[in-house]
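Order of writing sets the labels: A, B and C. Residues in every chain begin at 1.
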Amino acid sequence: MAETVLKIENLGISFGGLKAVQGLNMEIREKELYGLVGPNGAGKTTVFNMITGVYKPTTGKFYLCGEDLTGKSQETINHKGIARTFQNIRLFNNMTVVRNVMVGLHNQPEYKCGLFTSMLRLPRHFKVEKKMREHAKQILEVVGLLEERNNLACNLPYGKQRKLEIARALATNPKLLCLDEPAAGMNPHETQELMDIIRLIREKFNVTILLIEHDMKFVSGLCDEITVLNFGTVLAQGDTKTALQDPEVVKAYIGG
Amino acid sequence: MSKLKNIKWKQYIVYLVLVAVACYFGVFGLQQNLNRSTTILLEKAAVAMILAVSLNLVVGFLGELSLGHAGFMCVGAYLGAKTALALTAAMGPGNELLVLVICLLVGGVAAAACGVIIGLPALRLRGDYLAIVTLAFGEIVRSLFENLPDEMFGGSLGQQSVRYDRYQLFIIGFVLVILTLAVLQNLIRSKHGRAVTSIRDSEIAARACGINVTKYKLLVFTVSAFFAGIAGVLFSFTQNKVQPTTFDYNYSIEILVMVVLGGMGSLNGSLIAAVLITYLNEELQIVLTGDLAVLRGLLYALVMILLIIYRNAPALKGFREKWNMKRFIDRMRKHDPAKIHDDEAKWDRVPTKIMVDEVLSVDIQTSSPYTPDKRKKEED
Amino acid sequence: MKLLETLLNGLSSGSTYAMIALGYTMVYGIAKMLNFAHGDVIMVGGYTLYVSAVMMGIHPLLALLLAIICCAVLGVTIEKLAYKPLRGASPLAVLITAIGMSYLLQSVAQMIFGSADRMVRLFDLGRITVGSMQISTYTIITLACSAVIMAGLSLFVKYTRIGRAMIAVSEDKDAAQLMGINVNFIITITFAIGSALAAFAGFFMVLKSPPVNSTLGAMPGIKAFTAAVIGGIGSIPGAMLGGILMGIVESFAQTNPVIAPFTVAIEFSILIVILLVRPSGILGKKRREKV
């Protein structure tokens, strides 16, 4: 059995009286592709927001590789190794593609460069910048955006913007990569391509992936295990095929 | 030889221009051949350039509006003048340059300390709220210096200051401009500058990328305030007396106008606009005397409004894209407009940090599922 | 007794601030912008009173009516000319345009009337003696009028069709438009009401001290804006509360000779402290950005 990367224990949050998520337990093992599915408003993005530190959970805890990260700030959680993308794309629009990725590389220890080194433009500054750019290009190559590297991020088409978000998150060298609806707004061809990229990323970067998706074909084709949420509670959990055939899940999706 | 070729000469043109201007006038200055108005203009331009460039760091690169830049300058000017008086008395003549350097440091560090104080609310507040806090800060500083007992800072009459030789001071001013520009430019073109611009473009995404937003916001406010303080000290050396009325709210706005006119996120633009506005101020002061002096304000206001509307109005977007200088130049150079190699903020895509987050309320409570309500959470 | 007198003075100048703050807050709530030129609308109101009541000799109350109309028209014109083209553009651009507009109004006023003060003496208001206390009639008039106006405004927003449409627009402009509300019309009305309130504030200010000049509205404008932010910008009761708080602090600070020179510093420090403790003001509501 591979090592557990993310462990969620009884996680819950309420906004006012509304219990957005409650009693969530999950365990994601190393190099797993884990899916979080559920109808609109089921609380999937809220789970993401909790495990990346945007919201502080009201109950429960979560652990990354055994370390309790509950209630830590977004920055700390990112440093510890959870990176995410956003459902509504949030790129640095006034920057070029390659620079977007370089922002992701900002905190990597090998690219440490003090403030005064930068202000005085000491040789280390140039060395670091060059290495960062090379590294960023490598990441862009994996997601297939190398050609676009000098375009402004806001000029990219929608599908490529999503890929750039993935590249930027990868640049922070995460143990766990959280993708929030990566295939939203993509056509079938692009979706297929994205599935290949996600598999490639898992192999190349040795990263565990947690993703939210609506497209059932995408989920069943990609994920090893899933958790199905509805109204903030777990409907079914486990191996993708079995979980999707669970009568509760079918009911929630198809109705009746 | 190949190394020389790798240097991007374009980046350094602005330094060359500044050095050339300083040398050109410097030669005349050292021969004492300059007339009084030219030296005053050069001094004022140097002060304005430092102010505009340092404000641009906050407004253009961090994307937060600061309306209290004159406040930082005020701190620098008063402390600079006070230190200069004390040092000149203590050290006697012959040490002018040393006195100046010490004063610059004192004024700059004091202003930077104020920058930290203003940076702290900046961590919690954004947009409109931060703008009003900076405005309040400027007013507080000015009214404190004006109303403290006369023995301390001269009260409403102003603080005595040491006026340095006007034939040489502007050269020092230009050296300071070049230093300021170099530090800010290097900061912006480094990974740290990239982090700052990423906060401007999307604070949430920057946090998600592990950028320490707290650190960089404080850094930007501190650095910006430091250079505003330096500008203040330089200003105090160009005056016989530092008067509190100089640093009022309108002065902060004038600096903001320079930044807006030059283009947010463009340091060179700020430099040009600062020189232009200082020059116009001087010229118009001569031409428009008496009641006509009002025309100057009228002109600025009109130019500012029309420029902003022209550059930002959504309705004029098509027109702007068809008729703009950049496109024209690009066509001349057969340049592909899609490829842009700079982090310069485009005006029509300037950050929208100012939050649109409050609603008119009488007593209706709103709650959306994504609005965590603190008070209610505690009741649970 | 002295205390009560100070309190009353504070309340009356506070209600003037509250009037101005209401203009800021309503425009912010509806159009989501800071109307920096609002303070200068007060100044235009002051000059209108000067022209009509002093130069032309119209009855002061009619002059007030004229000032209200002038200010409302001016407010709407500013909105149409300067702010409307920028709707949908970066908020920073709108803010800077508003600052430019404020400059423009001041310069135009200075061009027409010069920089010298113009005296506007409307009524000869005496003082009323209650027990051992002397209260100026101005204080009472201001308090009474502003109480009526603010109550009226609250009722208007709460119970009329237009008022409810205003709340709808402030909640969600696009949704309101889809529900058939004429958003442009509501914004126009908001600017008209806000500017009319500014005219009232101008009237009260002139009653208190007659000299009018081109920067009449600048400092009260900034203070009222501060008051609106303290109360929680976008909230009508917040603006009233903030304004009155501001007035009381001011009047108490000014009675003490030692701290009187630092009144401005104290007022703005309160702003900073309140914003740090409650980043959205006393009665303001916090809305988190959706992630």
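Quick notes on this one:
Keep this in mind: a residue touches a chain if its C-beta (ideal position, glycine included) is under 8 Å from a C-beta of that chain, and two chains touch if they have at least 3 such contacts.
All of these numbers come straight from a predicted model, not from anything done at the bench.
Top contact pair of chains, counted by C-beta pairs, is B-C.
The most centrally placed chain, judged by C-alpha centroids, is B. Distance between subunit A and subunit C, defined via averaged C-alpha coordinates, is recorded as 48 Å. Subunit B has its Cα centroid 39 Å from the Cα centroid of subunit A. For this pair, subunit B with subunit C, the centres built from the Cα atoms lie 30 Å apart.
Each of residues 54, 86 in subunit A touches at least two other chains. Shared contact sites, meaning residues of subunit B that touch two or more other chains, fall at 204, 351, 370-372. For subunit C, residues that reach two or more other chains under the stated contact definition are 290-291. Those residues of subunit C that touch subunit B in the complex are listed here as 25-26, 28-30, 32, 34, 82, 85-93, 95-97, 99-101, 103-104, 106-108, 110-111, 114-115, 154, 157-158, 166-167, 170-171, 218, 222, 225-226, 229, 232-237, 261-262, 264-265, 268-269, 271-272, 275-276, 279-280, 283-291. Put simply, subunit B touches subunit C in their complex at residues 59, 63, 65, 120-121, 124-125, 127-129, 131-133, 135-137, 139-140, 143-144, 146-147, 204, 249, 253, 256, 260, 264, 291, 294-295, 297-298, 300-302, 304-305, 308-309, 311-316, 348, 350-364, 366, 370-372, 374.
Contact residues on subunit B toward subunit A in their complex (touch as defined above): 183, 186-187, 190-195, 197-198, 200-202, 204-213, 219, 265, 338-341, 343-346, 349, 351, 367, 369-373, 376-377, 380. Residues 13-18, 20, 41, 52, 54-55, 58, 73-75, 78-79, 83-84, 86, 90-96, 99, 102-104, 106-107, 111, 113, 115, 118-121, 125, 128-129, 132, 150-152, 154-155, 168-169, 171-172 of subunit A touch subunit B in their complex.
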